[in-house]
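Okay, so chain A shows up in both of these, paired with chain B first and chain C after.
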Partner chain A sequence: MNNVAKYVAALSLLLTQTLFASSVLANDTGLPNDPFRSVMWKSIADRFFTDGPIVFDDRVRVIAPSHAEDQFHVPITVDASALNNVRQIVAVADLNPIPHILTVRPEQAMSFVGFRVKLQQSSPIHVGVQTEDGVWHIGGAYVDAAGGGCTAPAAMHGTENWMDTLGITRTIARRSVFDHARMTVKMRHPMDTGLAAGIPAFYMNELKISDTSGGLVAEVDLFEPVSENPTLTLLPKMLSAEATQLKVNARDTEGNVYGFMLDVPAAAQ
Partner chain B sequence: MKQNFAWLAFAGTLALSGAGTATAADVTIDDLMNDQASTENVLTYGLGPRAQRFSPLDTLNKDNIKNLFPVWSFSFGGEKQRGQESQPLIHDGVMYVTGSYSRMWAIDIATGDELWQYDARLPEGILPCCDVVNRGAAILGDKVFFGTLDAKMVALDAKTGKVVWRKTIGDYKAGYSYTAAPLIVPTEAHGPIVVTGNSGGEFGIVGAVEARNPDTGDLVWSRPTIEGHMGTLNGEESTMTGTKNETWAGDLWQNGGGATWLGGTYDPDVKMLFFGTGNPAPWNSHLRPGDNKWTSSRIALDPETGEVAWGYQTTPHDGWDYDGVNEFIAFDMEKDGETIKAGATADRNGFFYVLDRTNGDFISGAPFVQDISWAEGIDENGRPIFVPENRPGNPAESADGKKGESIFAVPSFLGGKNWMPMAYSTKTDLFYIPSNEWGMDIWNEPITYKKGAAYLGAGFTIRPLFDDYIGSLKAMDPVTGKVKWEYRNQAPLWGGVLTTGGGLVFTGTPEGYLKAFDDETGEELWKFQTGTGIVSSPITWEQDGEQYVAIVTGWGGAVPLWGGEVAKVVSYLNQGGSVWVFKVPEQLASR
Partner chain C sequence: MTAKHHAKNLSAQELGRRQFLTWAAAGCVYAGAPSMANAAKLLYPLNASKIAEKTWAVYGLPEYFTQENGGHIVNVAFIDAGDGVVVVDTGTSKRFGEALLALIQATIPNKPIIRVYNTHHHPDHVFGNQVFDASTIAATPQIIAALSRDGVAFADNLYRLLGDWMRGTEHVLPTVALESDSESIGDRTFSFTSLSGHTESDLIIRDDSTGVLFGGDLAFLSRAPTTPSANLPEWHDALDALEKMDRSVILPGHGPLDTTGESITQTRGYLTWLEASLRESVDAGLTMNEAMSVDIPEEFNNLYVVRTEFERSVVHLYRQFEDEILQEVEVTR
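Our next item is the complex of A and B:
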């Protein structure tokens, strides 16, 4: 039962050791120097971290393996819960053919997201957390990976009736503290990038979590690099200690719609 | 540390609804009904709801057609090619064109640049009988609509190509698929409806016509084509089609075919939908005594309710796969000083029919191909005069019970005319019919229905009638039933026809040429080699004062899959997948 917790604990042993440079302008790009020395940094910043000043900030913790066991499923955890008033979290794999992994808008959730990503080659991961004042707080990690994560067919295509299993979901919600729950959603979906030969892009692209009164908890835009059978962990904020429910709605690029309720237990005494 | 857990497992796909928001450039239902007269766009399959494929444009004419040159060509790309039978739509400077394997593109006409591409994610195990084609899209409001090979209807945002809704027409595992262009028509009760047929007559599916709400995809009504099956209206059972067992003995009507795989037409004047219905299943007619209504027929439906207004069966008790889906084109016929509200159709069975479109009454039936063998003609009631010995023999009467007597029938099962749409000129009052001169050896075998398996009970091979040609484009006078001129083509014709106010008739050939003919004489005036076979329907429109012509190219369709001895004249043809756009260059326009 504690497998998830054990896995995360094991991961934390593999934390990339990164030192963040201070946000001084030491080049002619108008951008702070990238501690990961990504050749794509200016391009990534111009494309994804727009309309606000950019600072590297060690309150944006990006936890990733230094060497990926499996380039199709690289676990990444973004913990920016030390930041308040967060508008959005944008995660990018610089050297992927399609860099944008996901965007989270944590309306009534902690500034935190866990997911798995496909990597086409070793790559810096940049995560921008934009606060309400417009400032982009950047963190990142560098992951060494074997090639080809984005251009191979999904594993589920080996079975004849894979389409019948679309959207089959496993979820878990638990609560060790009063003020938030930890929920993980895993849905069956090939998350085809469109880059494998003869297979068009087909992926889960919208996921929304709301509370029992319809209030928005968090919205996630997913893109092609998110791993097959997308697995997302979020930390919804909880207003009371009582057991409650959350509603999850998702949609893929073919217009298939998935929806279910998730039980959240009462806070532990 | 104590933790509380809650697990949940769930599977499900829910229905989605979307609502459109109107902008100035959105297409209205009036625009669709007025499509034939409005020359600056092509908003419907067939250049108008009647699908006459006539454009009044006369900028391009018999004199200046020699100056027609390509503007751009756009490749569909990918590793999958096969047959391209699509007719593009043109709206507001954008072309919407579909391709093989359920793909669609939006292209900027001024530059030929791609705006977006949509690739349907098809499941493994789709069962299209006769190539992975698509014939075109429909447009209304801010959406474009098309059907996919796994028997789904998809509505896309016309600006972005993103899916707005997607609905199931039938179970692809049971043999349902979809290849026709959807039809959008007005109703009093439901507003505009998106009307579709279905495909799968070789797998024992049940043909149907369905109407959907364009904003949500929700079903408004459905009408099965086979007697004994129930229709629906507003989510409830409505009426039975025909009377159970009236023209079908036994229970074979339950998997009776009658697929509406070519879609339909609409006449705003009499406010009726016209759909052709396909072959009865199985092909072996000895297993299903009776006329087998409404297979191999034309049916007129009330768009408000989906009720059958009238039916006319071109091949009762079809035993040759004379799969009568062919388009029924409304036109006003001047005869003996009277104007008759008529409609015409050129059937797979080789006869060209003129009916009264208000009630389905038979007016005339004339052969449009040579040496028809299965019937001597059409009697005064519109019923074929069968040649009994030209029906394939009953296998039950053969010595071993496994193979009935083989006969040579004309036309072949690929038809005097197959899917490729003819055109009607309001300038010449002639129909231009893309036809083929061929026959077949055909014999019957025992067969039983099995879900998802071919349901034929017949073997066959096709043979050309003449050494030097199969394809034959004919100008047919609907008043006299006489052919005014003919153009002969070595390979079978498999593309649609367009005719214009400028006196031109356009069609493509499998040899790769887009050709233009004189509408009065049939003289070939112009041709252009596109580099791969043409099996699609040309269009024309006016943009910035210039007349454009476009054609989709890419060899394929049913001929290379089924062609028998015909394969000899087509086996060297190469596949492709492009759309070509032509106009008269500015420096030549004044000449």
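Our next item is the complex of A and C:
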């Protein structure tokens, strides 16, 4: 190879690297470009995905419909069970007036959560899964939605007296594999955002799951965008094949506390 | 959605478009495939297909609302009743109503529109009302009340989905509240059966001189049923009632003309599977997203837009099955 050819080869390599780098890094702060092209990406990342490097990672699967059939109940499932040593899962609706949906700390649970969210308009959803090394693994989805999910009164306000049914809870727990169970809890609560005229913010803001010996299984911080009658699906890890119980303690922003037990069946033989 | 699933849908879509052309071509006035080239000018390519004596259907595409089809997804019909024309459902938009009116006038020149029926209050069936004289538009009192309640929200949603196709569209309420079992219009008598299940009020109209049943959306054919306002037990009762009704053919709200009653058995079968599938998913503790991705059985997998409609149905119906199936626990406060 003569010198000119070497020079051309080196230059093209340099160009390739430069182009590659620019497609990954949006700016010199090291923030990667957002594949969902959110206009709020930098602001969301600065606010919610702090104190650690940020990478987009296919192992954070965010399952959401491309079109929201109902802007008050947009189902989202986050499955990051392919990641180990997860510290927290943070879900954000970028263009909601209140973006933070929830945070899950899956202490003794799989890195998985199912929930429903109110969307004020079509929005990118970003989910950051922070591992113990501090790295934020980001996944997301884009959901097209009709407007107004966060500023309309909860359906409950159309009933005679919503306080009558506050906190009524329905649950199911199933176990098809040895190493974890599957639990869904649904609690009656208006989850008022404070953005509907005349109705102050009032929402379930804490939910904690413990095992029979008091060990923490998972903690969830809920915020205003979580849909009315919050419905959460989680996968608690199981150490034995025997049937057991889980204890759930929840609390809302007026300090009401709610406690209940969940029967988890034995692992199938 | 997996790539495999997507590929399957595409081939079903292609198969389906051919089938759609066959339905439309079965009518004698069919003048060619609806050309989406016209969509650039926002003109609905409507064609009248004769389905019975002096009776024409205008078939919609077997699709969901898109900015390409402008909501040309619904079947409407018209009948030459001697003194004038009777119209069954009016389509998705003001523009659709205008195209329908032009088609009627070209098919049956120089006759006034003397009656317009709305089979139920869903937007794809009523938003062409605007171009007809409100004094001729008839429906059950419940349909009128439901359209009065939901009309603005329906229009908002369709503006979002269809954009400029919806220009100038507003809901117009029927002024004739049907309370009797039948009425004579021109030289024909129409019998009414007031049912429910697809919506809170589904009006079945029977033309007594031809035996044609205008089924609205109680029975779908070759296209997945939709459930945004559904009450499944009532819908099953309505299908049983529909099955017993004396008829020559059924014109479903979506899909080809039904000469055998297949729309009834197919809709019943799909709704039965839908409910069983959702109950099973709730009982397994699945999230809605997981419930949306279950396999659709072979017999329903070729229905148009079945995956889209199934996913919509999960959102419509899942919470009510949760409230039945999830066990209430004692809560300490």
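Methods note: the second predicted complex is superposed on the first by the 242 of 269 C-alpha atoms of A that agree within 3 Å, B and C clash if a C-alpha of one lies under 4 Å from a C-alpha of the other, contacts with A are read in each partner's own complex, and residues count from 1 in each chain.
The definition used in the following text is that a residue touches a chain if its C-beta (ideal position, glycine included) is under 8 Å from a C-beta of that chain, and two chains touch if they have at least 3 such contacts.
Source: prediction; values computed, not measured.
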Would you check which partner chain A:259 touches, where first means chain B only, second means chain C only, and both and neither mean what they say? both
Which holds for A:233: it touches chain B only (first), chain C only (second), both, or neither? second
Determine, under the contact definition given at the top, whether A:69 touches first (chain B), second (chain C), both, or neither. second
Have a look at where A:168 lands relative to chain B and chain C in the superposition and call it first, second, both or neither. both
Contact-wise, after the overlay, does A:251 reach chain B, chain C, both or neither (first, second, both, neither)? first
Looking at A:134 after the superposition, I want to know if it touches chain B, chain C, both of them or none. Which is it: first, second, both, neither? neither
Touching A:116, do we find chain B (first), chain C (second), both, or neither? second
So which bits of chain A does chain B touch that chain C touches too? 167-174, 176, 256-262
Sites on chain B touched by chain A in the complex: 1-16, 78-80, 103, 119-121, 123-125, 154, 162-166
Which bits of chain C are touching chain A when the two form their complex? 156-157, 160, 228, 282-290, 292-293, 311-312, 314-316, 319, 322-323, 325-333
Quick one: which bits of chain A touch chain C in the complex? Just the residue numbers, please. 63-65, 69-70, 73, 75-77, 114, 116, 146, 167-174, 176, 182-184, 186, 229, 231, 233, 256-262
Under the definition above, what is the set of chain A residues touching chain B in their complex? 1, 5, 160, 162-163, 165-176, 192, 194, 197-202, 251, 253-268
